[in-house]
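So that we are looking at the same thing, I have put the structure below in structure tokens.
Labels A, B, C, D, E and F are assigned to the chains in the order they are written; within every chain, residues are numbered from 1.
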Amino acid sequence: MDKVRHFVEQSWLLIVSAFFFGLLLAGTDYALAPTIRQNRIDKLNRLAKGLLAEAEHFIEVEEKIEIESGKGKSKEEITIYKAVGEGEQCVGWSFSVGGPGFQGTIYLVVGVDAGFEKLAGYRVLSSTETPGFGDKIKYDYFREQFEGAPVGELKLVSTGKPEKIDSEIVAISGATISSEAVVAIMNDSVLQVKERMRKKGLIDNGR
Amino acid sequence: MADKARGSSDLYKETLLAGLWRENPVFRLLLGMCPTLAVTAAVKPALTMGCCVIFVLLCSNIIVSLMRNLLKPHLRILMFTLTIATFVTIADLFLRAYFPDMSETLGPYVPLIIVNCIIICRAEACASKNGLAVSIIDAVGMGVGFTGTLCVLAGVREVLATGMIFEVPVMPGAFVPWAAMGMPVGAFITLGLMLGLVNLTSKGRA
Amino acid sequence: MEVRVKGRFSFRGGVHPPEKKGLSCESSIQAGPAVKEVAILLSQHIGAACRPLVEKGAEVQAGQKIGDCDAFVSAPVHSPVAGKVKEVGLRSHAVLGRSPAVVIQAEVEAQPTRPSWEVNGDFDEGKYSSEQICEAVREAGIVGMGGAGFPTRVKIEPNPRMPKETMIINGCECEPYITCDYRMMLERTGQIVAGVKLARRASGCSRVIIAIEDNKPAAIEAMSAAVRASAKGDNIEVVAVKTKYPQGGERQLIEAVLKKNVPTGGIPPMIGVLVLNVATTAAIADAVVNKRPLTHRVVTVSGEVIARPGNYYVAIGTAVGDLMEFCGPVTQKSAKVVLGGPMMGLAIADLQMPITKASGAITVLTKGQIGRAKFARRQTACIRCGRCLEVCPENLNPTRIAHAVKSNLLDLAESYYINACTECGCCSYVCPANIEVTGYIKTGKIFLARQKKKMPQ
Amino acid sequence: MLKDITVSFSPHISKPLSTRSVMVDVIIGLAPAMAAAGYYFRMRALILIATCVIACAATEWVCNLIRKKPCSLGDFSAVVTGIILALSLPPRLPIWTAVVGSVFCIAIGKMVFGGLGANIFNPAMVGRTFLAVSFGALMTTWTVPATLDANMSKVAPENILVSDRSEFRTQATPLAWSKMAIKNKLGADTYSEANFRGTITGEVGGCLGETSAIALLIGGIYLLIRRTINFHIPLAVLISAFIFGAIPYALDSEIHTEPTFAILDSGRYVQPFFHLTSGGLLLCAFFIATDPVTAPLTRRGMWIFGIGVGFLTMLIRIVGGYPEGVMFSILLMNGVTPLIDRLCKRIPAGGKPVVS
Amino acid sequence: MIVSYCVSRIAYLLFFVASAAPGEGVGKILLAGAMMLGLGTGFAVVLLIASKKLKVEVDPKIEQIHAALPNLDCGACGFAGCGSYAKAVLDDPELLGKCAPGGSEVLDAIASILNLQVSDSGPAKRPIVHCRSRRDQRTFHAEYYGIPSCTAANALANAQACKFGCLGFGDCTRACKFDALHVVEGLATVDYDKCTGCTACSKACPRGLIEMVPFGQENMMTVACNSIETGKAARSMCKVGCIGCGVCAKQTDQFIVEDNLARLDYTRYEPSEAAEKAMQKCPTGVIVYRGPTAPEPRQPKEKPAAVAEAKKGD
Amino acid sequence: MDTVNALILAFISIVIVNNLVFTKFLGICPYLGVSGRIDMAFGMGMAVTFVVTLSGTLTYMINNWILMRLGLDVARYVCFILVIAGAVQLVEMYIRKFFPSLYESFGIFLPLITTNCAILGLCLFLDLWGVGSLLEAVVLSFGAGVGFTMAICIMAGIRENLKMADVPECLKGAPITLITAGLLALAFMGFAGMIR
């Protein structure tokens, strides 16, 4: 009994404040969690909206799409958003995919048209590419090359006119690896998504 | 600080100034180097980080100061850690809710404030020995000193690395950004040179 | 020096500075200056210094013992002249700075002449016992004449804990300029061989190797002939070793000739080896056979600014300045007076400093020879070129040691084996940055010794 | 009697060598490479070399002034640094960039550590890396040598201060091709055969001083003969680079013999010998890895250092993110040089002293 | 602005938590509270038990020092945490003051634990340099080129004629951690205001010139020479050296002349007429005052003719 | 085989490509403080390796098996730091009691490590990177420790050399160490892009 008393004497403060802090934390979390969740959705929406201008809002497609990433080493589940334009008509699709870049993984938000024929472009969700080098995948002049390019046929070249919209993507000077990574994501992953969606009949449903 | 004869306002002023310069946590005490290096690629994250540190420092100093007489020695550090971790979590949640971009940029460096030596140091060296007022002023002094340092460092790095400050271009058009300054190299070297400069201005501690 | 025999034996490292022996190698040993006053330093050897045995005003005979000490590692000193003790006071000493000396006013001012003594091949050392030889050597005050000045009796005396098997006679004379040993080998061949035999008998060595650098073919020839002609000379070999500095350093010589290394911090007897300088052996013979103490020695005086460079038979205690003057007017161009050779010798400041038993040479150097850069203190920082490591015969890391000393990191210097350095100077010689590597090492050793002494408190 | 005599520690004579004479030797050794640079890249080469040398020297002078130390330009090490930096820059780098690199390499690479002899990292490579990291695009645009490009003006272009894109034709370097071949899994053999001669004479794209293997070899052999450098490091670098270049090459030609690649001669990896003559490897082996200040002191250390440089270079070239790995491998090995020196501590000739 | 915004948000949050709606939210909050409670209790129990069971006996002084330290384990001292620093300071008091966060308070605390105050037995000892000769008052045989260190110069032949006097390369200056000793015109000179009597300099001098002397007075009288050369030799080497003439010893027996050198018996020294007179009478002026307010030493009385002579004869 | 490969790659990547000190700025305080001597640096490195492996593994388990399941993400930081602090303290006491010699060689560094952000940082990064399996978490944590040891030993070697250099007075100590670290970080960029 003595021991218990001693223990309580020693640590009552710690225990009490632990409880109090726990309450404080949980309360804060409870209050802020919705905002945080909303933030994430907002960001995706904002990025996707930039890609699919006609879209009014996005609907989360129930079914998850599973693709292989990292040269078939692992599988990834992807949530697809259907972009709905005027009159509840599908104007395109948007989803987020990742792939290995120069240093870390590059996560992109990709937009495609309703028929999965042409790319609507991408936005960088997160990346750790070198500032001043691979970082330029965030720059408009590079990204704009993808807008309207055909799905799955992109090719990286080192010289050419970036302004021209075709399957040729002009690499960022001094950062071919990052450029390549983006092209690879836009080719492989998007094709895979297209394949799976067609199998699941999602694309035709969307039409 | 035991010197009661001196006016308390003197004491406050001294405590405040100590944090700002004489005992500046980064330049003088070499504490909290990791966040200093990690978040100073640009001014904005540096400022955000600084504010988080001020918040946590303030809260933890207040709490520690209030319970300073109840603390048992061997559970002291555990108690500090618990307090700090709680407030850091709150700060982190707050950032995530209201400044999501910054939260993403700072990444795990916000939770790392938990182990930031400055905070434990102040809790131990100041708050657990002093009253509420002094602890608060000390927290503000130290926090602002830390933030100021971070911003100076970040300012230099951002201007050289991007030609911009607060994402507003400030360098002449022909300026080619020095990408290295935005990378670890730039962080280490800029901080090293700045420390050297500070040492130079105060021969006493060089 | 005509045909060169190619020296077979060598060691790792080392340098080859210009030999400059031509200045004095042809000059046979001549009588040195007549002196009116000699100052016999009481500490001319490694070990305990002597106590003076005479007082101011006392009359002394030539060859009279004037200082002695009971310590085992020590050697008595003798007066080279007859005269009167003028003073027992401080005189300049190349190592100790100022040191007590007995100053003797000579009765007559006469040039020293060597008593003539020829030893032929059938000299028989058998009639002297080991103890007799050792005792005679000690009484004569013989110390190593190769430079270190270690009391020879201590070296040759048999030691049951470290039995000596091989004796190496050091006739390398690897320092530039110096030719005194060379001339000794040419002119006192018989005496040297007799001394070798005596030392062999005293120490109980079974094998004797006389090592001579291959730039002295005449000496090799002369010594070989003498050994061949000598009775019981069959276990004495004469070998030519490669001309390279510091071939004469005993550790290097042993490595070259026997392919064995003396343990670091150890001494040759640990591996059963005894090394004696040729001049020392000559002195042994003189002491044992003729009972003559060591009061004179041959000194090379050389250098481009010396009018009459050569080898002189000099009374120990003669002032360096007097000897230099005797060799002709010295021009003002001289920048440094070195007691010994230019690689290991000690630069001296006070020309009144007396010659000691271990001083084999006086070299006078000009700015030109020292090297302008060195003179102008034109040092740069170490460029870590590694040349000093390459030439260090002790396989040390000289630049590391020197810089540790410079930064006062004595522990570090010790961990790089500072005490294994023999101070040969090769590292400083090659350093392109003109860093006084050896100087720092020497200084470091002093620091360390002082620190150690303080430690126990 | 004698006046003005002096006293100092033995030895009293020294070899007629000085830091300056060593550095002058290196400059002479670099002369063929500078000449080749001048031949292939005309005025551009001269201007870049002059800029770097002057900027390096000026920086050193200013640093000494700030520290109130005696001027140390006399040892010429800043000149060597400047030349080596210039020789490792692409020919059409703007002047201001070269100046920034020079200032960085002397100020941060050398003077903050205490000047000559104290620096841990090779200053020229520090400068080059800083430039490569900061100004990636400028540092990876390569000019066609004047002998292949009739358009290149024989004199300096007027607008030399700005990097004018129209002035030169650009070309990928051998190593960029080799990297491409690794990615595309083909074309390595054809390319290396076709361009091997170019890498020997220097008639290919690349940094000022790296293109001509022959000029570098001449200079390197001069230094070896003069004993300014010893052979351990160059040999170790070249041998290990060859071996580590040969391993994937050998493995690859066994695996990829399927006919699918028959269109072009198969080949993912260039021949190991091609690796030696292309890129900065020869310049590195003879002039950069041998920088005494930043290399190990002992011979065993030199072997380890050289092998490390060769290995890391090939690692970066073959599996890394960059076409060339010389500067990184030099810096990395410089960083571990103190540890190597410690590892290869010399034991006295008589063995370790017995502790009593 | 941002701050006020933040504050208002926090206030709002606290309010929100307090009045949390019933249901899922409260459950979660309570779960978190319970969790933290559990964690806190658990750790408290484990640590308390562990600190009992796994106790290791250590030197109580280490514990005391450890307790005095901030216990941040920040490594600023260069040691692995406060514990190892505590141990190290105990062994080597020179390491005092390495704890940056602790500052002077901690320094004082540790110092008192270690009993570092100088024990009060007799007057404090301060160094006296037994040489008073400035560079221009000495004779040089040659010029010394080389390592600027007294120990190095002392190991070489006597370029400076006097083997006993100050060499002026400042090994002592470098040894003094308190900036209390400087070489002035080739002579080591103590700044008694700064000196703490740590004895470092006296250990550093290769010539043993610096003696730690009990300073009974503010300024101590001393024979500022260490040369045992005979009078004639001493004169030829230095204008202000002791020639062992014995004039001082005739005035008072506080002076002892031995081996051509006069010494003051510091333990018996007290200011007296006789001592003052000895000082006046000393032909070379080698008897001087040393201390924080010591007057300038006087110049030697007679022009030492011997010096000029010696020079001619050189 | 594939998993083994992946683990090896993960290990190499955290040791050299994503070295905690040079790319993530973690553990700078001990990096500056304890890199003066190689033996100290090595001891510190071993201690960090040990603790980081332990806490990386523990926090991974707690995070994935308890916190995530219970939806208590909010208590993550508190839990992490308490687990680290408690575990370190226990281990330290244990080693000190039962393995005094081991304690002498590296145990003395243990308390220093609790406030070292490399430990917490690694745990947080493991969470951020979404590490897939416990095995990978163990390998990554261990690799992080090895990377730290390498970095601090290299720096200690360099600093032993710098002790003999004429570094400007105002740059001595932390400043020159930081600059050197910067140049090392520059050198380590050579490994960037190696493992993708």
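Please note the rule applied: a residue touches a chain if its C-beta (ideal position, glycine included) is under 8 Å from a C-beta of that chain, and two chains touch if they have at least 3 such contacts.
All values derive from a computational prediction rather than experimental measurement.
Q: Can you give me the shortest step count from chain C to chain D, moving only between touching chains?
A: 1
Q: Can you list every chain that touches chain D and also touches chain E?
A: A, B, C, F
Q: Based on CA centres, what chain would you say lies at the far end from chain F?
A: Farthest from chain F by mean C-alpha position: C.
Q: Work out the mean Cα position per chain and let me know which chain is farthest from chain B.
A: Result for the farthest chain: C.
Q: Using mean CA coordinates as chain centres, what's the gap between chain D and chain F in Å?
A: 34
Q: Determine the centre-to-centre distance between chain C and chain E, using the mean Cα coordinates as centres, and give it in whole Å.
A: Distance between chain centres: 44 Å.
Q: Distance-wise, how many Å sit between the C-alpha centres of chain B and chain F, to the nearest whole number?
A: 22
Q: By residue number and range, which residues of chain C touch two or more other chains?
A: In chain C, 346-349, 351, 375, 381, 436, 439, 442 touch at least two other chains.
Q: Which residues belonging to chain E are in contact with no fewer than two other chains?
A: 28, 31-32, 35-36, 39-40, 43-44, 47-48, 51, 72, 74, 76, 141-142, 145-147, 152, 156-157, 159
Q: Going through chain D residue by residue, note those that touch at least 2 other chains and give them in order.
A: 1, 4-9, 108, 112, 114-115, 117-118, 130, 133-134, 136, 321
Q: Considering every pair of chains, which are in touch?
A: Pairwise, the chains that meet the contact rule are A-B, A-D, A-E, A-F, B-D, B-E, B-F, C-D, C-E, C-F, D-E, D-F, E-F.
Q: Quick one: which bits of chain D touch chain F in the complex? Just the residue numbers, please.
A: 67, 108-109, 112-115, 117-118, 120-121, 126, 129-130, 133, 312, 315-316, 319-322, 325, 327-329, 331-332, 334-339, 341-342
Q: Please output the residues of chain F touching chain D within their complex, sorted ascending.
A: 38, 153-154, 157-158, 160-162, 165-168, 171, 176, 179-180, 183-184, 186-194
Q: Which of the residues in chain B end up touching chain A in this complex?
A: Listed in rising order, the residues of chain B that touch chain A are 41, 63, 67, 70-72, 75, 78-79, 82-83, 86, 89-90, 93-94, 96-98, 100, 104, 161-162, 177, 179, 182-183.
Q: Of all residues in chain A, which touch chain F in the complex?
A: Of all residues in chain A, those touching chain F are 21-22, 25-26, 28-29, 73-74, 100-103, 130, 177, 181.
Q: Tell me, which parts of chain E touch chain D in their complex?
A: Listed in rising order, the residues of chain E that touch chain D are 141-147, 152, 156-157, 159, 314.
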